[in-house]
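Here subunit A shows up in two complexes: once beside subunit B, once beside subunit C.
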Partner chain A sequence: MASSRLVHEPEATMPSGSAEARRTGFAYQARAWLLAAPFLAPALLFYILFMLVPMVGTLALGFTEWTGFNFADIRFVGFDNFAEMREDPIFWLSLRHNLVFLVGAITLKTLVALLLALALDQRIPFSNLFRGVFLMPTVISLVVVGIVFRLALSPSLGLVNPFFNAIGLPFLGGDWLGDPNRVLPVIILVDTWHGFGLYMFLFISRLVSISPELHEAAFVDGANLRQDIWHITLPLLKPTIAMVLLLAAIDSLKIFAHVYIMTRGGPSHASEVLSSWAYFQAFTANKVGYGNAILIVLLVITFILAYIQVTRFQPKEEY
Partner chain B sequence: MKTYPYAKGISPTLQVISLAILLTLLVTACSPTAPTQATQPPAATDPAQTGAVQGSGEVSLWTEFTAGGEAAGIEELINTWNGMNNGITINHRPIGNEEFFTVVRTALAGGVPPDVLQFEGYQQTREFAAAGQLEDITDLWNSVKDRFDLADAGEAACTFEGKVYCIPFTFVTGWQIFYNPDILAEHNIEVPTTMEEFLAAAETLKNAGVTPIALGNQAGWPGEHWWMGFLVQRCGVDTVYQAIRMEGASFTDECFVQSAADFQNLAQAGYLSPGAASDDYGLGQAVFESGQAAFFQTGAWYASGWNQPGQTPTPFEISIMPFPRFSDAANQEDVFGAITHVFAVPSGAANKEAALSVLEWLASEEAGNIWAKNGNASVIAGAVDNSAPQVIKDLYNNAKSADKSLPWIENELPPGVGEDKVYNGTVALITGAMTPEEFMQSIQEGLEAAQ
Partner chain C sequence: MQRSKLLQMILLYPVFLLVSATILYPLAWMVYSSLKSDAAIFQDVFALPDSLFFGNYRTVFVEGGMGIYFRNSIVISVISVAGLLLLCALAAYALAQIDFKGKNALYLFILLGLMIPPQALIISGFKWIAVLKLVSSHWALIFTYFGWASFGIMVLRSFFQSIPKEIIDAARIDGAGHWQMLIRIMLPLARPSISTIAIFYFMWVWNDFIYPLVYMQDEAKYTVPLGIMFLNGRYRVQWGLQMAGLAVATIPPLLIYIIFQRQFIRGLLAGALKG
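And then the complex of A and B:
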């Protein structure tokens, strides 16, 4: 490859190990950094200020007791906050909700995105239009989606129950966000509606890169559409599916805005998740340390998932 | 050894440009922060109006007054003060109620508080003062105390460990129910005067297919109001305080459980609007204002907002009745409602001297009259009678004539109890996820854990 030849050429001509070579190497590095630094600095600065510093702050505060009113009152308490979690039933309830949400949302998002991507890959009429339509929810603000669905689902003034009444299915109506048994599935559906479009596009971008010759060869060998999808398309989509599963999982663990806007974790904690419970503890109950400790648990779970994906589900071969 | 051939090709010009960009970024990042506001020269002073005014310059004021009579009132107060040209200018920042506490706390912890801060007293006073974030204004309070109605209640809202940290400003009563007279007339229902009559009216309306009570209890506090209405008549204010202080009463006592049962009965009888557990306060209000429900309970602030310019008129004339009592209720005197707005000077205020001057003026008859004129129950003596609209006069005097008034109970409980156990509990009572006994037990356990 041309680029690797360019990289290796000077190395071959450089008198390896000599003082002159080292000086020249340092000079190259220094000049390269000088060139790169101005371009890297703005992004790096933002990353450090708004990502690393808060993350380190979260980690540190998780081991403290603090009401949040005066920095002078911060007190180191070791692992007390984590010990408190063991006795906190709402923490465990929230963790369970997070796991239900994780399984529900990634299953639905991946399935819906995959099925629609496969359908739109079949050259159906208006497929480009549908791609745009399905992507639209993704670009809408989380807060706007939450508010719109909260209003639409309201049993008092919303649109959903009158719709079911109008089509003769009144038994399907009810208090969508006020029924403890119904609220979590409803939020999962809203989150799926909001998020599947992006994953559908990831699948489509992989599908268009699969060589048509592979499909043609399969059809020449007598395969039907189902067999083509099962034996050709899906195996080639495996790396993308793995990536989508990871992204959807991280997305689901981060769930906050939909819950906060639509239900605030209610009714009576029925839709509470770790992030909303951490927010309540830190900003309402004035237990900043405990709230941060909950977020550390969430962070660890997310890292574990990312690690598993990175180490176990990397593609071994590429076509 | 790796080499970097692409670096070899960097032209001197490009290197100079890169270095210049880097230096510019460094200089920009390290330079001292530019002042956010240019220093204003002292305004022209009118000697006739300055009086005891001390200090000069700009005073930043943060409030949660963003709508209705509160927004109109604070705007007129500021315009009046700034119009005095006494060398001090108030710069107001209204912050929405939902994010107000978070913003204030961040500012206090970050050491950049406003010069004058409005908040809700009681538990917030204790929290801010315990953290050393409020200026002790006991002397100022003692010098202006005589100007106030309900001075003892106001002092209680502002006191921590024997010192006073704020001045009371508004009394908000909860002891009323707003109703739609057209709906009552249509169904031949007299305005209820007892809880028995109220429940009978609700039953009649429900049977006629009309929602009796509009409620949006997603946040928990609108339902808490209903529960408090039952609580003061079943237990009385003294007993509630005994339970809060864990001295002589417990939240698991019979009268407390009965008050929770009274509230849950409204839900189980089908008197609440269908979205009571999931609608927010605004939706509950919209159900009432659109004429879909007959009754709506909320704080007196609601009455201060409906006549403001720009407010969409309701298709009926909203009427008010006192919160009805059971004829066999143990307490026939107490009500609920409290000092809800107070003003303080944070200890980290940049312009403390001027801020104290503003605070002293806010405790004046002039300020009280302006506040009352805009539909707010000012606690400056005589202000409501002199200047408030009739509806506010009625509500205020009704509350004043009561024996005792129970403050919003979440403000007297630790926040993890008030805003978790109480708020979530009232939602759970509606959905049936909790029994009245479980609700009261959870509050008691939360209180004991917090102690």
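And then the complex of A and C:
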């Protein structure tokens, strides 16, 4: 790619040798900017006004105390909100739930995604049809998923309890979303149902790029399928697995809709996470400053993970 | 080799069928329950409907305001996706084809948008929307979605950069300026990438929940996801109605997925970078 660039650079074929000088000159740069501005301005305008301004707002309001009604009442309080956080047991509980959710969701999603991708990679008939079905949940709204599963898990009616009754295991049933010990694993399962498809697809797209000769060579050497997967495929998938784990971790921090729709953080905060707790603080308890401070914690964790992802796993420009 | 293929099929089909059932059954349950009366649902939640009952759909649309939510969602999705495509195409063109100083820094600055989780912006975003006097206005959502251009810019920029120099040079020799280059040469070539981006943006906008939840305070302005949440609270024990609302909300993205599966799968790879 780089070499073809060099060959086809239009300046290279021009008679005069002043192309380089022209391109660094101030007048040239000013003209180039003027030329580019109308193309870039619309996207940048909305990006700055509706993405970056709220983001700076979150960062700034996290250091204030404000009931959220009157802008004149905003009071700068430095790190007070973060000091308050230290004394707030629900904050720590929420943070712990975020971590439990993170570990649970990435383990389960990665495992399901990897196993199904390896299975689909055997390319038995109808694999594409199954792949299409497995990717279906990713296009369905979080709200729909949340409500359907809340109805299915309903203790009085629902699908799940009658199912356990029908197969003769009634003691497994229960109030799935109302039991503090069950609610978090249930949300993790629902999120896995909804979100494994994307990661499965990432594995598939790496698997198809593994040259078939490698597998053939392994089989010629007398390897069976299990050895082929273990010694050929999995080592080659290692970078993809690492990337998927990190992407799933970042994604898991976005949890809000499932919690908001299925439990509102309950019962008694058993499924509270940072985003739902921040939402409650800002919009119900009218502590906008404190709510934003909680979001800053969430943002910092997300950025650390995103930074690792970008610096370590994005060497390619094109997809 | 042939025997091992057969063995694989015997081992893998049960797994595939089980996973497919886990995925399809809840969706099928939602759809066929929406065609049952509440009495029929409460009698047996598993049973298929004996006769098709469309009353739930009528109630959801006539009384439940689903028609309004649906129209709101369509208006917002169409304007947002069309606007985003325009913004992305323009910006991606400049980033790919015009040489100016600070281009790479600007591109990184735009990519930053892919990392910002939306729920971290809602509180201050709401206050900002209030300052702009846009609370409960669809423009609040549309403008917010216009701010999501980073993803499309990333995809289109890399496509524009991959267009062979020969084509661009030939157009330039024919006297095409930047605008003509974009409209006559680049956009027609980029049609597959553009449809991929459009599908993704449609899914994100249609399914977005958190911004409408916070920004739309007036029931008449609700989008479909917010509307079904509202119906869920209002018809707590009327499962048939809830199922009808859920089915209506699911059909558009599911149809688009089934029709445009190829583009969708192509886009997933680019979407994965969205972090």
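Keep in mind that, in the parts below, the second predicted complex is superposed on the first by the 264 of 319 C-alpha atoms of A that agree within 3 Å, B and C clash if a C-alpha of one lies under 4 Å from a C-alpha of the other, contacts with A are read in each partner's own complex, and residues count from 1 in each chain.
We adopt the following convention: a residue touches a chain if its C-beta (ideal position, glycine included) is under 8 Å from a C-beta of that chain, and two chains touch if they have at least 3 such contacts.
Note that this is a predicted model, so its numbers are computed, not measured.
Chemist: One more residue to check, A:Leu49. First (subunit B), second (subunit C), both or neither?
Modeler: It touches subunit C, and subunit B stays clear.
Chemist: So which one touches more of the residues on subunit A, subunit B or subunit C?
Modeler: Here the partner covering more residues of subunit A is C.
Chemist: Counting only touches as set out at the top, which of subunit B and subunit C does A:Ala32 meet: first, second, both, neither?
Modeler: Touch partners of A:Ala32: subunit B and subunit C.
Chemist: Of the partners subunit B and subunit C, which touch A:Ala278 in the superposed model: first, second, both, neither?
Modeler: After superposition on chain A, A:Ala278 lies in contact with subunit C alone.
Chemist: So, does A:Asn286 touch the first partner subunit B, the second partner subunit C, both, or neither?
Modeler: A:Asn286 contacts subunit B only, not subunit C.
Chemist: Determine, under the contact definition given at the top, whether A:Leu298 touches first (subunit B), second (subunit C), both, or neither.
Modeler: Second partner only.
Chemist: Between subunit B (first) and subunit C (second), which does A:Gly68 come into contact with in this model arrangement: first, second, both, or neither?
Modeler: both
Chemist: Per the contact definition in the header, classify A:Leu157: touching subunit B only (first), subunit C only (second), both, or neither.
Modeler: The answer is both, since A:Leu157 touches subunit B and subunit C.
Chemist: Would you tell me the residues on subunit A in contact with subunit B in one complex that are also in contact with subunit C in the other?
Modeler: 10, 29, 32, 35, 38, 42, 68, 151, 157-158, 283
Chemist: Please output the residues of subunit C touching subunit A within their complex, sorted ascending.
Modeler: Contact set of subunit C toward subunit A: 4-5, 8-9, 12-13, 15-16, 19-20, 22-24, 26-27, 29-30, 41-42, 45-46, 86-88, 90-91, 93-95, 98-101, 106, 110, 113, 115-125, 127-128, 143-144, 146-150, 153, 155, 158, 161-162, 165-166, 169, 172, 178, 203, 206-207, 209-210, 213-214, 224-226, 228-229, 232, 239, 242-243, 246, 249-250, 253-254, 256-258, 261, 264-265, 268-273, 275.
Chemist: Taking the touch rule as given, give the residues of subunit A at its contact with subunit B in the complex, in rising order.
Modeler: 6-7, 9-11, 14, 16-17, 21-22, 24-25, 28-29, 31-32, 34-35, 37-38, 41-42, 45, 67-73, 150-151, 153-158, 175-180, 183, 263-264, 266-270, 280-281, 283-287
Chemist: Provide the residue numbers of subunit B that touch subunit A in the complex, in ascending order.
Modeler: Those in contact with subunit A are residues 1-8, 10, 14-15, 18-19, 21-22, 25, 29, 101-102, 105, 108-109, 127-128, 130-133, 211, 214, 216, 218-220, 273-280, 283-284, 286-287, 290, 292, 414-416, 419-420, 424-425, 427-428, 430-431, 433-434.
Chemist: Okay, in this complex, where on subunit A does subunit C touch?
Modeler: Touch list, subunit A to subunit C: 4-5, 8, 10, 23, 29, 32-33, 35-36, 38-40, 42-44, 46-47, 49-55, 57-58, 60-61, 68, 116, 119, 122, 124-126, 130, 132-137, 139-144, 147-149, 151-152, 157-159, 162, 193, 198, 201-202, 205, 225, 247, 250-251, 253-254, 256-257, 260-261, 275, 278-279, 282-283, 288, 291-292, 295, 298-299, 302-303, 306, 309-310, 314, 317-319.
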